[in-house]
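One chain, subunit A, appears in both complexes that follow, with subunit B as partner in the first and subunit C in the second.
== the complex of A and B ==
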């Protein structure tokens, strides 16, 4: 990824951006986020198959935004997240430059987000075969079987909210679960509290989740909570047509249309 | 009391497990779940994930559950009735396969839960736990127990500490407390008197990574340092580090009302959350993540030793292993220790 390092260095040298968000080597063979602020920092940037964390989670963080205009090394899931965030007015051309990394690890530079959108729309969001199989298996279960599956899987959840923190779409300054007057979601990590938390999160992400698996990767207990959002993606696809983040802000689940089917009410 | 040293043969360990079960003991041990290892109630010796460096979540839940129901109340025409915590409901538990960095953590938690107010529920739970520690024969780059006064064969906090004596699979059993003797007494036949054993030869090598005294001295002058921002910029602000930690004791009190009935819970909380210090006025004294990361380190390495004479870190390395952003506490500690303050 010499191209990336070179471009990042230029951008910092010319002050075109104040910070380049990318990956660097971390501990234990892992990678971590690098915030390159000086031209010489760019030499630490890396990109390889270990770089799966969704860096878009950082572009809405106050401490990062306050640095000034950002550039971000963005894989396809990161680019999708950015388009969704832009459609929700969280980032714009003014504060973000996308250094795209294609699925073939080629560097692309976009002059603005509409080009990112065009690039992103060349690829469909496809759920991995293994998880698709799991969803089908769940679909075939009896309601009691499914209930057991989810209560078992969610029982070890300690409510550390790593899933929320790692998710670019969970940028609310105050999450529903943080309210206690009135309390919407039970805070204790007992059965009901855990179920309500994960179901609420999945519903809030419906039509917005771009299936990057950041929530699952962040979970210290490897709970397959991403199956919930994947199921929502399948349902939205089946009931409301295509599934792509768009800059126009036509949000699949929060835009009212008189011709919506509303079959679920009948 | 004098440490009583015995040998227990590889095959007898399972028999000891069965005897404990036959004596109606509830056993919690490291068990694999999905790709992780957690402490779980188990009746099956074969299920125990032996040989793992560390469980992904600490054993603190045994005495300090993530959610503790403190009381139930109900309202009626006759007034309000409150049913408090019933310590009679707490089972006798044997904690099997705990690493020394977790057993030390019990002491650190106990210091907090007995600081001024003696926490009856915590103490009650702990009084019913027998700790069977297992020394470490393996370590990884995240381990730093020796930097915080511990070691891979530390007996502190265990009732019996087992140390695997090389490849033949026999264990040295150090019977350390009255509770340890009670377990020993159930299965005397499986223990043989140990001769001279150099335990150290069978322990993992964990190099000392920083000087604790220099670190503590530096921290006193480091509070206003700009370095906290650099050290914490990638922190996402979740609670993983606190929740996997054997020594983090912060909690929140939550009430749940259902009509005329309700319950009060004590739930784990984390200083990494922005909500943790948010005032009703809207003011937040720890407004940004760097202040929260500073609090985490100051609390463990400055405030706790000052007030409780114990550190709030056992060097288990879990927080760094589990962090989704690869925040590494050891790196922060080393850089603070090396800073010119």
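== the complex of A and C ==
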């Protein structure tokens, strides 16, 4: 990714941006986030198959925004997240420059977010075959079977909220789970607390999740919590049509059609 | 299970179903007393977390009811709510929460008799299903007894 390093260096030298968000080598053969603020930092930027973290989670952080205009090394899921965040007025052309990395690992520079949107729209959001199979398997189970599956799967959860920290869409300054008046979700990581936390997470991401799997990758206990958001994606698609973040579009869960179809309301 | 009396929490909108339930009373129609009605400004205000809270607190069944489509006092609250219910219900089902215990309906202010009907059928079906032990087991409160909430 010499292109990326070169471009990042230029941007920092000319002060076109104040910080470039990308990946660098971390400990234990893993990658970590790099916030390059000086031109020489740009040499540390890397990009390879280990870079799965969704960097868009940083562009809403106050301490990063405060630095000034940001540039971000963005893979396809990151670009999708950015479009969704822009549609929720969290980022704009004024404070963000997207250095796109295509699925073929080519560097693309976008002058504004509408170009990013155009690029993103070339690709559909599709659930991977392996997870689709898992969803179908779960749907075929009895409700009691599913209840057991989820209480078992969620029982190791320690409520570390790594899934929330990793998610670019979880940017609320005060999360529902942190409220104690009223206490919406019990604090301890017992069965009820875990169930309600993951339920709430899935609901809040309905129609917004762009399926980057960052939550699953961040989970220290490898809980398949991304199945919940994947299920919501499938259902939103089936019930309300298209699923693609757009700069201007209406958010699927904050709009309606008078003829939305259901079969359970008496 | 002959002496099992289901506890049912009904979340209703102020303008239609609450007024409808009022009409049931003023028309002197008798119906099952298992239902505890909670009045909301609009179905659009009924947060899904409140529904889960009802199960936490030991409800065996939940009813959610509001104005018929196109009759919303605030024009579109029930349309928004409907979209959310579709997703909420599907997620409940996916996580194994018993969706037979969550009954959604549209009841207008003029449908007092219909409200009595829906409540009676709901109570009968929940009575058949028995207490919601699965949820109550995980919600078991160490200090407060669920039964004290009346």
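We take it that the second predicted complex is superposed on the first by the 259 of 266 C-alpha atoms of A that agree within 3 Å, B and C clash if a C-alpha of one lies under 4 Å from a C-alpha of the other, contacts with A are read in each partner's own complex, and residues count from 1 in each chain.
To be clear about the criterion, contacts are C-beta pairs under 8 Å (C-beta built on N, C-alpha and C of every residue); 3 or more make two chains touch, one makes a residue touch a chain.
Everything numeric in this text was worked out from a predicted model, so none of it was measured.
Trainee: Answer with first, second, both or neither: which of subunit B and subunit C does A:188 touch in the superposed model?
Mentor: In the superposed model, A:188 contacts subunit B only, not subunit C.
Trainee: Check the residue A:143 against both partner chains and state whether it touches subunit B (first), subunit C (second), both, or neither.
Mentor: second
Trainee: For A:92, select first, second, both or neither according to whether it touches subunit B, subunit C, the two together, or no partner.
Mentor: Touch partners of A:92: none, neither subunit B nor subunit C.
Trainee: With the two complexes superposed on chain A, say which partner A:260 touches: subunit B (first), subunit C (second), both, or neither.
Mentor: A:260: touches subunit C, not subunit B.
Trainee: Applying the touch criterion given at the start, work out whether A:156 contacts subunit B, subunit C, both or neither, answering first, second, both or neither.
Mentor: In the superposed model, A:156 contacts subunit B only, not subunit C.
Trainee: Just checking: does A:114 make contact with subunit B only, subunit C only, both, or neither of them? Give me first, second, both or neither.
Mentor: neither
Trainee: Touch check for A:206: first (subunit B), second (subunit C), both, or neither?
Mentor: Second partner only, subunit C.
Trainee: Which subunit A residues lie in the overlap of the subunit B contact set and the subunit C contact set?
Mentor: 190
Trainee: What part of subunit A is in contact with subunit B in the complex they form?
Mentor: Touch residues, subunit A against subunit B: 26-28, 30-33, 35, 53, 57-58, 61-64, 156, 158-162, 164-166, 174, 178, 180, 183, 186-190, 193, 217-218, 220-224.
Trainee: Using the touch rule from the top, collect the residues of subunit B that touch subunit A in their complex.
Mentor: Going through subunit B, the ones touching subunit A are 33-36, 38, 56-57, 66-67, 140-142, 229, 233-234, 236-240, 242-244, 252, 254, 256, 265, 267-268, 270, 273, 275, 288-290, 320-322, 324-326, 328, 331.
Trainee: For a test of understanding, state which residues of subunit A touch subunit C in their complex under the given definition.
Mentor: 138-139, 143-151, 176, 184-185, 190-192, 195-196, 198-200, 202-203, 206-207, 228, 231-232, 235-236, 239-240, 253-258, 260, 262, 264-266
Trainee: What does subunit C use to touch subunit A in their complex?
Mentor: 48-49, 52-53, 56, 69-70, 76, 79-80, 82-91, 93-99, 103-106, 118, 134, 138-139
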